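Have a look at the structure below before the remarks.
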Amino acid sequence: MDFILLCELAISGVLVGLMYGLIALGIVLIYKTSGLANLAQGALAMAGGYATVAFATLAGLPMWAAIIAALALMWLGGMLIERVMLRRMIGQPVIMVIMLTLGLEIFLRGVGPGLFGSAVKPLDLGIRQAPIIIGDILINRAYLIGGAISALLIIATIALFNSQIGVRMRAVSDDQTASWSVGIRVERMIAIAWGLAAALATAAGILWGSVQGVDWSLSLLLMKALAISILGGLDSIAGVLLAAVVVGVAESLATGILDPLVGGGTRDIVASVIILMTLLVRPYGLFGREHIERV
Amino acid sequence: MQIDRRTLLAGGSALVLGQLPLPAFAQEKLIKFGAPQDFTKVYTFVTAEYSQGQRDYITLFNERGGINGFKVHLDVIDHGNDLPRAIEAFERYKREGYVLVDPLSTPMARGLVTRALEDKINMVTTLSGRSDAADGTVFPYVMPLSPNYWSQAALIIDFFLKQDKNLKGKKIVLVHIDTPFGREPIPIFQALSQRLGYEFQTFPYAPPGNDQSAIWPQVRRARPDWVIFWGAGVGQTVALSEAIRNGLPLDRLSSSVWLSESDMAVVGKDATKGVLKFEAAAGGREPKVIQDILKEVVAKGKGAGPEGKVGTSYYNIGVMMGAIQIEGLRKAFEKAPNGPYTGPWLNEGLRSIANFTAEGLLPPITTTKEDHQGGGRGRIVRWDGAKFVPQSDWGAAYQDVVWGEIRKYSEEFKKSGK
Amino acid sequence: MLYRQAGIRHRRYAAERQLWPLTFDRVLVGGVVLFLLAAPFTLDRLYLGSYLLPWLLWSSAALGLNLLMGGAGQIHLGYGAVMAIGAYTSVHLVRSGIPFELALVLAGMTSAALGIVFGAAALRVKGLYLAMSTLAMQYIIDFTISHVPGISGGTQASLQVPRVTLLGMPVTGEVTPYYVALGLCAVITLFMLNVGRTSFGRALAAIREKDYAAEIIGVGTFKYKLLAFWVSSFIGGVVGAVLAVCYLRIVTPDQFHLDLSIQLVAMVIVGGLGSVLGSFFGAALILFAPIFFNNAIGTLATQFGLGISTDLRSHIPLMLYGALIILFLLVEPLGLAKIYDNVRKYFLVWPFRHVRK
Amino acid sequence: MQRTDSSGPGDIVLRCRDIERSFGGLKALKAVNLEIRKGEILGLVGPNGSGKTTMVNVITGFYPPERGTVTLFGENITRKRPHAIAARRMARTFQNLALFRGLSVLDNILLGRHVHMRPSAIATLFYWVWALREETRHRRVVEEIIDFMQLQDIRNEPVEVVPLGLQKRVELARALAAEPKLLVLDEPMAGMNQEEKEYITRFILDARDERDVSILLIEHHMDVVTAICDRMQVLSYGETIAEGKPREAIADPRVISAYLGQRAAKRQAGAGAAA
């Protein structure tokens, strides 16, 4: 195993991981504010990708306008989902919410391909295909740009959480009743979190769509995003950043090092193994807060 | 929830709707073909176009009056790559006297093998299913009717050999989806590497292949002389994009049969110039049968889908399968015009197709009681930015190796049911 | 009266705890059982083989999962993998010449033994985290099955199920497999009904509701969580084995994917968490809704020549299926069992509507 | 049953020695000693946050203490899991009710019999052969307790629809169903009106007199404690500040200051001196 290959794999792992992280970010945002797990986050990314393609090709908008339109649409969509569905699930067992979001995923997986056709749709952001070569190391341009944008968005979200509105959202995540009593509009904060999560999913959908084309398989990014959010801690936004890099690099190196040994695509289960290990060793993730149960 | 009239009404009407009888064709005699296919899950990349071609050809056939007063009814339904649904469709077809089933999905074809054999219903496994089903003595009712993956692999290697004159010391790598389908061609590549002296290496990626970021840097560092990428749908477009992004020479890159014009459009029509693939049926609108369909079906507004798709690779594969199925039907009528019109009856026909080319769409297909593959012929084509251009004549390669594998696995199936 | 509670007096505790105290319910259950027993003689083979048989099997699996999710409150998103273990174990055993009766038990044991590993995660975490860890294990088991040729059957990755006999009867055609499934389903159903009235079931319910309070009254949560996983996985393994032998007849790795697990969870929830009857309703709905929508839309499209694209036509059932799950959770989170119960109560207390709870 | 009024060492039901436990930096219990003798009702009182519930949690096995030992009937149970302790005939009720929603009152009380039953999946499958007789036998015991606690009318109601005061009674019934030798009651009268309090008080006394059980009672209501407890122990900031007969203990100036603040204590002391 040569060193340069390792470097290349590590770099692409970091970049791809950050792109996964964008989806994980939405999961963490929603969990942090409302305590619900959104397993439809991958499907939201897919829907965002489809929306962008639809605005660009069917409505004939230029790409930048299509992106803005899709972001806006999905923001509203996210808030609508919260308003119509999730708000009614408060107080229901966890499994109900899990099933609801899985139902949503099934539904969205029908809508996108059903309306726009099931063949892979191109989504061209105008990123050139030619590789960047530094020394002997090749860097994949598409992932470099995608990873950079993802990192920026993640950092921007962390910054947002330190701003005034962020403080309110954090308060909501700490204690809904207490936030209510000091005049924070809890419902609005949760709705904003959903809107933001859907918009972030759309951003991820667009980036991934430009890398792989838009089709139903975008919804499969969920598993990686789950691994990241669990590793980082479901209620830690900053955790996403580090966990994304860890998961990305682990997957990349597993492909490079383990695959030749076992003769199979181990990448498939890296995310699963990370989830399992995290839950067994440190259930609340690297940066998550442990909840102590009171009797 | 409160029970009220609305709930009851909704439930009741839903119950009634699902059980409507088959569409009543005007007192025509029908031969029934079933096409439970995957429109919603894994095979979405091909099914819509394939089905369009298949239906258009059958419409053409029916428009021209059918055969012996019979027309063909093709029932198209989604099985979503879910076995209970495929089984339900199969059993329904069995009951309603269908003589042929075309599931177009490797897992479904595998799952239905025992039923097809027991119930004597012809199961067409176009470019899918078990490769060893080519052995008609073991799988009398399973009909690949198209070059299996082993034949495709052999032809691809044969093409490389013709280009380089000698493969000794060359390196060929296979980037494949990590499923039984992706792993299937490996024995052929290995067998041929012993015979031809090339070095062979594999790179599996996780299904469905939407993320291959860590594979291609390794492929690049392996410095291969030829790269074969073996997947389907999104795995193919991603493989292509990644090959480009990693700066691999595209004219030394070949795919199996599952690469289409729309894949090229996704990655970029010009960016993908030079890519090779295996072809089982001629693409484009030039073949006479496609022209006929355009004139007699599409122009009359009876086309099964958007006109723009007519003549694409997968559409033509659909036409090819429609044509071969109908040819089998013709042969069955030749042999026994008065029926009984059952699975075994059609089986006789499907197994005696001789030199059928569908008026130039296909390489000559000849099936026998032993050979359900039809000869394993195909050719290699190259993408020129607008269409796939043939690089070789129709032909088959290393059928001795291919049949060696076929016999090995069909024997195993016969002996131990693997 | 047939359908009244009034006037029924119990003199023994056993009588009060019987399964169906109402005459009406007993008649209904008897009728259903009779219908199921007579089905092979009265019903078309199609309905027997591709509706009733899978329905019984999926209901059995849903019941096994319901013991864990509804009974003990432990989420399991990897039940498909548990069934896969049972299916593969039994098929390998049967192929190596071990009698089917024994293979069934061993399949259950193997599933249970590996199912405990899922359960071990449950001791560390609960709720969402447990869902995640079982999900991860589903992937890992899928991966193992499809990547170990010795398990999956090599290059073709399929294993035909040889003809087997159960208690001397060859399990072929439609009738015998149907009775095997019916027998299995009956045993599991009785077990699940009894869970509702024994100390075992109460202990699980205690863990489900408040595990710390369960501890304090003497229920070892550690032991009982594992036991719940054990029993549930055992059921899953046996159902997986019967599924392979009686219905699928050939096993391939794709048959037990995450989709199956999600399908089963949907059955349990749409049917009603913890409800035995609900598992049957849920299995019917989730199993047949896609087929039904598909056939209905297909018929509509050809009958009335709906001018919609193939893509849309084939995806509408998927949307309806997703929407159905969402609607159920929003409108009646307690599932079909609750709806049935509402109807039943309506008649039970009629004409005194105000007595309804 | 007749109460024996001796206090030999064999009659110690529960003995806690030097119990220490902290949460984060906060020391919730500092070297607390506690003893319950056979047949007595010991009142454990103290202001909010004085460590009463923590003490109960240590005794019942929820939090293992950092230092110290807990002995039940002469057996060291310090690091045993709660269910193992429950099997040694200790039962408990909770400050904020811990009934099992979704189960009927009857099933909740039957669960109290868990330690006496042999639950098994096989027996469940073969209910008519193996489980039915056992269920019936324990049902008799439970019905007796239902009569004793006067819960006949709500026997088959789901427990969550029962009024709060009755729920407390159901929880007490569940604890009694275990036929405990030691009963730990964590604020059984919280949130009750006078009438309900009187009811519960009577049940507690009857339980002690008729069912041979020693009781550790944690309570806020001083009137109840002084009325029914044999002895009383007062905690403040994790330390025992007074112990003894109820009337004496509440007169202790440290107790008064803990409850009413320093100034009030002085005033009371001054008033006492003047008198």
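Just so it is clear, A, B, C and D label the chains in written order, and each chain counts residues from 1 on its own.
To be clear about the criterion, a residue touches a chain if its C-beta (ideal position, glycine included) is under 8 Å from a C-beta of that chain, and two chains touch if they have at least 3 such contacts.
What you are looking at is a predicted structure, and each value in this text was computed from that prediction instead of being measured.
On a Cα centroid basis, the chain most remote from subunit B in this structure is D.
Ranked by how close its C-alpha mean sits to the mean of all protein C-alpha atoms, the top chain is C. Once the centre of each chain is set as its mean CA position, subunit B and subunit C turn out to be 35 Å apart.
The distance from the centre of subunit C to the centre of subunit D, with each centre set as the mean of the Cα atoms, comes to 42 Å.
With centres defined as mean CA coordinates, subunit C is found 33 Å away from subunit A.
For subunit A, the set of residues touching two or more other chains reads 109-110, 113, 117-118, 264, 268, 295. Residue positions of subunit D touching 2 or more other chains: 62, 94.
Multi-chain contact residues, meaning those touching two or more other chains, occur in subunit C at positions 147, 212, 309, 311, 314-315, 317-318.
Listed in rising order, the residues of subunit C touching subunit A in the complex are 69, 73, 75, 77, 121, 124-125, 127-129, 131-133, 135-137, 139-140, 143, 147, 212, 262, 265-266, 269, 273, 309, 311-312, 314-326, 329-330, 333.
Interface residues of subunit A facing subunit B in the complex, by the touch rule stated above, are 2, 4-5, 8-9, 12-13, 15-16, 109-110, 113, 117-122, 124, 129-131, 133, 138, 140-143, 208, 211-213, 215-218, 220-221, 251-253, 255-256, 259, 263-265, 267-268. Of all the residues in subunit C, the ones that touch subunit D in their complex are 12-14, 17, 187, 190-191, 194-195, 197-203, 205-206, 208-210, 212-222, 227, 230-231, 274, 357.
Residues of subunit A touching subunit C in their complex: 37, 85, 88-89, 92-96, 98-100, 102-111, 113-115, 117-118, 223, 226, 230, 234, 262, 264, 268-269, 271-273, 275-276, 279-280, 283, 293, 295. Considering their complex, residues 39-41, 44-45, 47-49, 178, 202-208, 210-211, 213-215, 217-218, 220-221, 233-234, 237-238, 241-242, 244-247, 262-263, 265-268, 271 of subunit B touch subunit A.
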